[in-house]
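By letter and in written order, the chains are A, B, C, D, E, F, G, H, I, J, K, L, M and N; residue numbering begins at 1 in each of them.
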Amino acid sequence: MDSNTIIAAVSIFTAGITIALGSIGPALGEGRALAQALSAIAQQPDEASTITRTLFVGLAMVESTAIYCFVISMILIFANPFWNYFLQANGG
Amino acid sequence: MDSNTIIAAVSIFTAGITIALGSIGPALGEGRALAQALSAIAQQPDEASTITRTLFVGLAMVESTAIYCFVISMILIFANPFWNYFLQANGG
Amino acid sequence: MDSNTIIAAVSIFTAGITIALGSIGPALGEGRALAQALSAIAQQPDEASTITRTLFVGLAMVESTAIYCFVISMILIFANPFWNYFLQANGG
Amino acid sequence: MDSNTIIAAVSIFTAGITIALGSIGPALGEGRALAQALSAIAQQPDEASTITRTLFVGLAMVESTAIYCFVISMILIFANPFWNYFLQANGG
Amino acid sequence: MDSNTIIAAVSIFTAGITIALGSIGPALGEGRALAQALSAIAQQPDEASTITRTLFVGLAMVESTAIYCFVISMILIFANPFWNYFLQANGG
Amino acid sequence: MDSNTIIAAVSIFTAGITIALGSIGPALGEGRALAQALSAIAQQPDEASTITRTLFVGLAMVESTAIYCFVISMILIFANPFWNYFLQANGG
Amino acid sequence: MDSNTIIAAVSIFTAGITIALGSIGPALGEGRALAQALSAIAQQPDEASTITRTLFVGLAMVESTAIYCFVISMILIFANPFWNYFLQANGG
Amino acid sequence: MDSNTIIAAVSIFTAGITIALGSIGPALGEGRALAQALSAIAQQPDEASTITRTLFVGLAMVESTAIYCFVISMILIFANPFWNYFLQANGG
Amino acid sequence: MDSNTIIAAVSIFTAGITIALGSIGPALGEGRALAQALSAIAQQPDEASTITRTLFVGLAMVESTAIYCFVISMILIFANPFWNYFLQANGG
Amino acid sequence: MDSNTIIAAVSIFTAGITIALGSIGPALGEGRALAQALSAIAQQPDEASTITRTLFVGLAMVESTAIYCFVISMILIFANPFWNYFLQANGG
Amino acid sequence: MDSNTIIAAVSIFTAGITIALGSIGPALGEGRALAQALSAIAQQPDEASTITRTLFVGLAMVESTAIYCFVISMILIFANPFWNYFLQANGG
Amino acid sequence: MDSNTIIAAVSIFTAGITIALGSIGPALGEGRALAQALSAIAQQPDEASTITRTLFVGLAMVESTAIYCFVISMILIFANPFWNYFLQANGG
Amino acid sequence: MDSNTIIAAVSIFTAGITIALGSIGPALGEGRALAQALSAIAQQPDEASTITRTLFVGLAMVESTAIYCFVISMILIFANPFWNYFLQANGG
Amino acid sequence: MDSNTIIAAVSIFTAGITIALGSIGPALGEGRALAQALSAIAQQPDEASTITRTLFVGLAMVESTAIYCFVISMILIFANPFWNYFLQANGG
């Protein structure tokens, strides 16, 4: 196997695994927070707006860890500096 | 094995594993939130519309992590830049 | 092993594993939501129609992650672009 | 090993693993929903018909993920397009 | 190793693993539902017939996933189409 | 290694693993159901006969999944069609 | 390695693993049922005889899955049909 | 490696692993039952003799699964039929 | 494989795995804290501002562990000292 | 590697792993029983002597599974029949 | 592979894994403590300042274990004594 | 690798793993018992001496399983009979 | 690979893994204790000083296990006796 | 690889893993006991001195299992009898 093949294969595999593993934690965490938010609204309907606002700001923060993974995953596929180097080095 | 075969095999395997692992977290998180929503409606029927609205906005946010995985999976199958490169390089 | 054999073997294996792993999360999540729905109906029978409606819309959303896996699985078996390429390349 | 042997071995192994792993989630999810249904009937016997109806519609939805696995498993054994290709290619 | 040996070995191993893994989920799910049924009967003896009827219909549904595995397992041992092909091809 | 040795070794290993893994789920499920039955009898002694009857019918159903494994295990040792084929083919 | 050595080694290893794994589920299940029985006796001493009787019949049923494993384990050591075949075939 | 060495090594390893894995389940199960027994005595001191008697009969039953493992382990070390065969065959 | 290829492949794989594994803990931890915050607001609406302020300061602290991983991941892709060394050494 | 080296290496490794794995279950089980005993004494001080007596008899029974492992471990180090055989066979 | 390549590859991989694994525990621990702090503030608003102060001192202590990992990770990338040695030894 | 090296390497590795794995169970078990003891003292201060006495006798029993591992670990390092044999055999 | 390379690679990898794994337990344990401390302060504000003092002494004790790992990790990087030996032996 | 290299590499790896794994159990156990101690002080402030004293004696006992690991780890690095033997044997 030449260098280009190895780098491409590793990039493809890593990009997939990164977002796959990286989506487990945020999805579970957001699901838990969302469940508690609905319970809190049912318990204290008058505070629904405060609860909802805090919920969405917090969800955005949890989502940020999934987005880190998505960013790395996208960089590996579309803006991979190692791949660009080997393309130039091997006259790709 | 030539380069094309390796890249294709890795792409196929990664595409499947990505969506398979990536669906576990969102499905469990959404299931939990949905379960709590039903419990909240039963407890506070008058707030059903607020609860349902918050639920579906939240579910969409949780679903987004599954969609990241689906997007990566689809890119790897139908718009894989590494595959396109090797097709051109090897005159595919 | 020639290219066609490798691509076919990887496609078969990935198709099976994708739907197998991808059915665990949705099944558990749906089971949880369904269980809570029945509990909510028993607690608040007058809201049974609201609960049931929310339940089935939510279940459809959870089911969607299983369907992503099923779609990828079917694509890999019946509309696999990599397989089509190798069939043409090798005059299959 | 020739191509036919590899494809057959991978198909057999994948077919078994797919339904084996794919039955864990639905069985646990259905068991949980069923348990809660019985508890709900004991708590609110007057709603037994509503609960039972919702239960069986919901169980069918959970069962659907097991059926996806069973369908893929059966396709791999009895209608495997890759196997058919190799049978023709090798004059099987 | 010739083709017949490989196919036979893979079939034997897969048949065993399929039913072994496939019995874990249904057994746990049925055990849970059964436990809750007994608890429900103790709590509401007058509804014992409704509970028992719902229990056994539900258990049959859970059992179905174990039966899928058993069917695949039996097919692999006694009606394996790949094995039949190789027996004919190799004049077995 | 000749074919007979491979088939025998795989059959022995699979037979043991099948019943070993297959006994975990049923044993845990039956233990849970039995525990709940005793609790139910203590709570509602007058219903002891109904509870016990439902318990043993249910246990038989859970036990069935263990028996599937035991049947496959026994078939692999004493009525293995693949083994019989190789005995004849190799003049065993 | 000749055939006899392989068959013997696989039989020894499988016999040990079968009973080792197979004792985990029954032991945990029996421990749980036993614990609940003692709790039930403390709660309803007058029903001690009914509880104890149900307990021991149930324990025997749980124990049966351990005994399946023990039987397979003993067969593999002392009445292994594959071993007997190879002893005859190789004039052992 | 000659046959005797392989059989001895496999026997030693299997004997150790069998009792090691086989002691986990019974120890946890007995610990749970014992804990509940003490709780039951504290709750209902007048029934201490019944509880203790049931406890020790039950513990013996749980212990039996550990003893199965210990028996297999001892057979593999001190009365291993495969080892005896190879000693005779190789004039050991 | 030459040195550049190895270093690039390891860097790509490690960058992905680092952020993927590193996002699980923070996402779960933040989800838990967020869930409790919503519950606390529902319980004590008058303290919503104190709770929210403490929540976001705390979330930032939890997020810091995810950011450590993101920093290492970015360093490995865009400012990798080992990669720079090999580029110079091999006249890349 | 000659036979003596293999047997010695396997014996050392197995002896260590046996007691290491075998101490996990008993330690957890005894810890649980001990914790409950202290709770029971605090709840019913008058029964302290009965509880303590039952506790120590029970702990001895749980400890027995750890001792099985310790015995096997010691036999493998100091009274290993396979090792003795090879010492004699090789004139050690 | 020459020495420099091996040391660099191991350093890159270890640096990533160290911070990735090392962030799981602190993130979960901090999330738990933060969740309880918010609950405590809601329960006892008058003690908010004491709770918050104790929380942040404690969080700093938990964070210290993540920082240990970050320090080791940074040392491995930017101040690795083994790497420096090989650079000098090989005239890098 | 000569015999002495293998035996020494296996002994070192086993000694470390034995005490490492063997300390997990006792530490968790003792922590649980200690936690319950403190809870019991707070609940029933008058019985503090009985509780403390029972606690320390029990902890010693739990600690014994860790000591078994420590003993085996020390034997493997400082009084290893296999090592002594090879030292003599190879004139070490 | 020469000796120096092996020792350096193993030292780097072990140093990272040691602190990474070693930070999981202390971080979770400290997080739990901290959470309970905040809960205790909210419940009994008058004892805040006693609780805080006990908390920090205890946290230091838990932290000690993380520090053991950090010490070993630092010794392996900066004061590794094996590394020093090979540097001298090979004239490094 | 010569003997010295192997022994050194195994010693380094084992020393790190031993303390890393060995710190998980004690840290979790101590964290649990500490958490309960704080809860007990809040519940029964008058017994704070008894609780604290029992806590620290108990923590020392739990810590002892971590210290066993630390001792073995230090012996392997600084007083390793196998290493000393090979240094002398090879004139190191």
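Things worth noting here:
What we mean here is this: a residue touches a chain if its C-beta (ideal position, glycine included) is under 8 Å from a C-beta of that chain, and two chains touch if they have at least 3 such contacts.
If you're wondering where the values come from, they're calculated on a predicted model, not measured in any experiment.
One rotation lays the C-alpha atoms of chain C on chain H, and its angle is 130 degrees to the nearest 5.
If you average the CA atoms of chain D and of chain M, the two centres end up 46 Å from each other.
Chain D and chain E have CA centres that are 11 Å apart.
Note: centroid distance chain D to chain J, computed from Cα atoms, is 43 Å. Look at where the CA atoms of chain D average out and do the same for chain H: the two points lie 37 Å apart.
In chain D, the residues that touch at least two other chains are 1, 11, 13, 15, 17, 19-21, 24-26, 28-32, 35-37, 39, 41, 43, 55, 59, 66, 69, 73. Beginning with chain J and heading toward chain L, the contact ring passes through the chains as J, L, N, M, K, I, A, B, C, D, E, F, G, H. The residues of chain F lying in touch with chain G in their complex are 1-2, 4-5, 8-9, 11-13, 15-17, 19-21, 23-32, 34-39, 41-43, 45, 48, 52, 55-56, 59, 63, 66, 69-70, 73, 77-78, 83, 87, 92.
In the complex of the two chains, the chain M residues touching chain N come out as 1, 3, 6-7, 10-11, 13-15, 17-22, 24-26, 28-33, 35-37, 39-41, 43-44, 46-47, 50-51, 54-55, 57-59, 61-62, 64-66, 68-69, 72-73, 75-76, 80-82, 85-86, 89.
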